[in-house]
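Just so it is clear, A, B, C, D, E and F label the chains in written order, and each chain counts residues from 1 on its own.
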Amino acid sequence: MNLDPVIPFLLLGILARLVKSDLRLPEALYEALSVYLLLALGLKGGVELAKHPAAGLLPQVLAVIALGLVLPLLAFAGLRRMVGLDRPNAAAIAAHYGSVSVVTFAAGVAWLETRGIAFEAYLALFLAILEVPGIVVGVLLARGLRVGAGFGPMLREVLTGKSVLLLLGGLAIGALLGPAGLKSTAPLFVDLFKGALCLFMLELGLVTGRQLSQLRRSGPRLVVFAVLTPLLFGFAGAALGNLLGLSVGGAALLGTLAASASYIAAPAAMRVAVPEANPGISLPIVLGVTFPFNVFIGLEVYHAYAVHLAR
Amino acid sequence: MNLDPVIPFLLLGILARLVKSDLRLPEALYEALSVYLLLALGLKGGVELAKHPAAGLLPQVLAVIALGLVLPLLAFAGLRRMVGLDRPNAAAIAAHYGSVSVVTFAAGVAWLETRGIAFEAYLALFLAILEVPGIVVGVLLARGLRVGAGFGPMLREVLTGKSVLLLLGGLAIGALLGPAGLKSTAPLFVDLFKGALCLFMLELGLVTGRQLSQLRRSGPRLVVFAVLTPLLFGFAGAALGNLLGLSVGGAALLGTLAASASYIAAPAAMRVAVPEANPGISLPIVLGVTFPFNVFIGLEVYHAYAVHLAR
Amino acid sequence: MNLDPVIPFLLLGILARLVKSDLRLPEALYEALSVYLLLALGLKGGVELAKHPAAGLLPQVLAVIALGLVLPLLAFAGLRRMVGLDRPNAAAIAAHYGSVSVVTFAAGVAWLETRGIAFEAYLALFLAILEVPGIVVGVLLARGLRVGAGFGPMLREVLTGKSVLLLLGGLAIGALLGPAGLKSTAPLFVDLFKGALCLFMLELGLVTGRQLSQLRRSGPRLVVFAVLTPLLFGFAGAALGNLLGLSVGGAALLGTLAASASYIAAPAAMRVAVPEANPGISLPIVLGVTFPFNVFIGLEVYHAYAVHLAR
Amino acid sequence: MEPHWHARKLLTIIAEAALERALVAEVRHAGALGYTIAEVRGAGQAGERAGDWEGERSIEFRVVCDEATAGVIADRVMGRYARDYSLVLYLSDVQVRRAERFT
Amino acid sequence: MEPHWHARKLLTIIAEAALERALVAEVRHAGALGYTIAEVRGAGQAGERAGDWEGERSIEFRVVCDEATAGVIADRVMGRYARDYSLVLYLSDVQVRRAERFT
Amino acid sequence: MEPHWHARKLLTIIAEAALERALVAEVRHAGALGYTIAEVRGAGQAGERAGDWEGERSIEFRVVCDEATAGVIADRVMGRYARDYSLVLYLSDVQVRRAERFT
């Protein structure tokens, strides 16, 4: 078996919370690690991006944007019809699942690298791109066509939010400098990546553990939703990757992206743009169910499916 | 001469305090480094632990627990009879010296590695184990047989406290993944170990320096106690290591463990379980005397004694 | 072209501020990185320092101190006569430009290393030395000959301030341990240097961006001053380096030092010693103009001049 | 009390960090001349907010101002945000120097 | 003052961080509905507590509640912890909206 | 109010971090027996102080003491530092236990 180190670190964090340990990681470490991961992923992707002609990527980019617009609509329909949620909460949760999770993507990258499976590192670009449409669609779904005064500022905040900014910044720097230019920073941004991801998983385990203990606020239907949606979206993402001609690793990673639910950009945007939605029911499923599900099980499944498709 | 980098870093921290420098390291860095050291030591120990059959370790584990029960009793007797301390303070200080210091252990590991002296890295397990009995004995000594209502919660807090949790968590992860599984995290958890320890020593130097300036609260007898106890316990630990068949490095390290006094788990537990004991007299000797004594002098001495025993 | 990674990172930080991104790096990270850079520069310089006979360095040290005394006088004259500033503000700003910037020096080191240009790493000693005289002269200029009661404490605070203390501490440790003794800490203090500098540049970009938006407080004359002074001082420093027999890289680096303006030690000392000077006009030019000017343009220019001088 | 102390109000708002920009805007809108923010954690009706990741950060927002301004800020904050956000608000009496700085 | 402000008490406790769990328990026991914690440092009878390592961290603990509840918490905290712990406690008058949240 | 509460003053000073040592000295000089410091950020006449680098750190400094001591500290701080430093200062009424600790 090829156990990834991130998994036991995430488990250790969850366990620490369950046994009510006083283990607390400083918020500054959480913030520093999340900045680091965003930059590291961006830089890595940027280096590869530079090798590809922009024109060749355009169809992929457009397809990925389309995916980012369709998925939240699907999630919204499911949340309204099957879960029976009210409009604002359904829209807000749809935004979470339509958008993406940086750390799940990072775990997917680590998973592939551990196994020596090749993938298109420029998918970090899609990570940056996919942050946005899910959130925009979520806000539109919440407000109907009344785009209203707050829409501009909201969009601006998402586009200048730390995740999009650091990912795009990292991509640009990576593309600009290339592997040679970045060599002197590789000990930080490349060599330490896996270890830093493990530490971040430990922190997220603590957060996840607390959210887990509040799952009853979300109710059983949402829990089922939080398992089925990543599976469905993961298959859709992998299938699209296959269609777009990505490698098996790349398709698995696009599946991982689609399957992941945002816990940074989306919650922040929803608090501002859809305040009547209750984060007390969305965060427990996003962080307590979907995130660990993807890390523990999803990565395997999406890859297996990508392998299957490639046959 | 083979000067270890940790020593001048510790000195620099102490000096900064003595000259009243405004140098302050952020508390978040202190916390992050202490989490890091606990994990790194645990992982390293776990990798080695996996190589040993559990049954073969059992006698050593039992002997180490016995050591952890006897040492605080000795310390208590000395503190009552020779230093003439009241019961709660004697019990609390006995708990500190019965328990262990993670960073002293780390300094011992670094000392041995600098000199290329082999040792059993699984001693990190004993580090985790030895945290607990000293504290338990200390509480029992303070309360007599009135174990009382608070005992259960206190024990629970020690066992789920960050030091035990991260050490055992690291040991488990290390044993589970083995060297191959941890390779990708080695740049963080292995390569940076010494440097991180140096930074932590700088921080502790600042803390130590302030405690030093408060030594008169503890009084001359306690200062003498704070030098003699580590020597005595260090010899006892090294002798036990020799008896248990540890290598010279391993025996020296068990001596270091026994000689070290806890400044994380024990003070926290004593504040809760023996509140009438005054940390204003225990911390100056633990951090201001015993800790630098062990780092500057003790490591050399315990190793020399282990060499002597092995002849 | 040989673009240095620090440049796009600094730009990214400035850009993030200009687009009003919510990106914030924790203050603890800022502090930790600045401690790290000071130690790393000190250690590197100390290792090289040990190779030089102290007597041989004395003339250089004296010349550098003289430089540190003359530059703030020149700056003061310019600020009074040409910019027309009142005495306290002119004195305070002269102190900033007379003293030096650690991160500009670090950027200079990185610039030279990226291009494989040799230089005397022991210049870190001059970095430590040059922090002080500019500040002392600034205070004397502000107060005239009334050195007064506060002078002693001020001097003491500068000498025990974190920059001088960590630089000198690092130099001493580096000289004491030498390359062999520091080998185990090299993964932290050497390998990560460039990456850490990039992260710090990102942080400083955010600070610089905010200062930029307040440039109008300083007024156009000071902005011109903030561009001309580093040029002038940079040429002076490089010329002195050439006179003292430094290599081309070393002369360029001494130019960089002279050109740089302090944003740590000087502002702190001026707040205490010359409180009537307004940091609202000095910080925007020091951080918003001179610092990025040096990083983006100055490094190239001072090096070109050093090459020219060496012909 | 010496004559150079002047009566003002201190308005304290404890809220989830997502409201920071909005609170600054309200303060400016009401004409107060400054504010102070501290990072806090705590618990209330919405459960514990431990502050150890960005989704659970809380701030304490304080404004010293005159009674009318405090009333305006409190009314607007309660009216706009109290229903949907974790929010606690209280007012107390303080005395200041340099009264002109606290309108 | 408009009619929708209600008088309550603000109880502030500055204590070593080791007391955090105990203080939360006392607040819950007394029936108060929330609390807010900030990290602080300082000095007092027990000397300086600089807050730069875990043994010297201090917290400031605040509860808005009615007068009776504040009295209960203060009495219990003083009775149980004041002798053995670094602890400072003070009470002040505040006015709140939504009075039902502050019992 | 039970008889064991005693009236005191709480003096709060929000200032740039560079004043920390000076404020501690003033408190000691005036005879107060303790103080508490929190890290804050904010905005005022001098613009925003975001606290994300050392040049823009602010502290909130609090002293519980009797009225005379508070007056002495306030007078000295205003006289010496108010002109040149970012500084806000206010006073409020509090009630304490163990009155002898707060002179």
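We adopt the following convention: a residue touches a chain if its C-beta (ideal position, glycine included) is under 8 Å from a C-beta of that chain, and two chains touch if they have at least 3 such contacts.
Here the structure is a predicted model, which is why all the values come from computation and not from measurement.
A.B. asks: Once the contact rule is applied, which chains count as partners of both chain B and chain E?
C.D. replies: none
A.B. asks: What's the chain with its C-alpha centre farthest out from chain D?
C.D. replies: B
A.B. asks: With centres defined as the mean of C-alpha atoms, identify the chain lying farthest from chain E.
C.D. replies: C
A.B. asks: Once you count every C-beta pair in contact for both, which comes out on top, A-D or D-F?
C.D. replies: When the contacts at A-D and D-F are counted, D-F has more.
A.B. asks: Could you grab the centroid distance between chain C and chain D? Build each centroid from C-alpha atoms only and quote it in angstrom.
C.D. replies: Their C-alpha centroids are separated by 40 Å.
A.B. asks: State, to the nearest whole Å, the distance from the C-alpha centre of chain B to the C-alpha centre of chain D.
C.D. replies: Once rounded, the distance between the two centres reads 46 Å.
A.B. asks: Out of chain F, which residues touch more than one other chain, so two or more?
C.D. replies: Residues 38-39, 92-93 of chain F each touch two or more of the other chains.
A.B. asks: Counting only residues that touch at least two other chains, what does the list for chain B look like?
C.D. replies: Within chain B, residues 24-28, 31, 187, 192 contact more than one other chain.
A.B. asks: Chain pairs that touch, all of them, please.
C.D. replies: Chain-chain contacts present: A-B, A-C, A-D, B-C, B-E, C-F, D-E, D-F, E-F.
A.B. asks: Can you name the residues of chain C that touch chain B in the complex?
C.D. replies: 26-28, 31-32, 35-36, 39, 156-157, 160-162, 165-166, 169, 172-173, 176-177, 181-182, 184-189, 192
A.B. asks: If we count contacts the way the header does, which residues on chain D are in touch with chain E in the complex?
C.D. replies: Those in contact with chain E are residues 12, 14, 38-45, 58, 60, 67, 71, 74, 78, 82, 88-93.
A.B. asks: In the complex of these two chains, what residues of chain A are touching chain B?
C.D. replies: Contact set of chain A toward chain B: 3, 5, 8-9, 12, 15-16, 19-29, 110, 113-114, 187, 191-192, 194-196, 198-199, 202.
A.B. asks: Over in the complex, which chain F residues touch chain E? Could you list them?
C.D. replies: Residues in contact with chain E: 1-2, 5, 8, 10, 24, 33-39, 64, 92-98, 101.
A.B. asks: Flag every residue of chain E that touches chain B in the complex, lowest number first.
C.D. replies: Within the complex, chain E contacts chain B at residues 16, 18, 46-48, 50-57, 81, 83-85.
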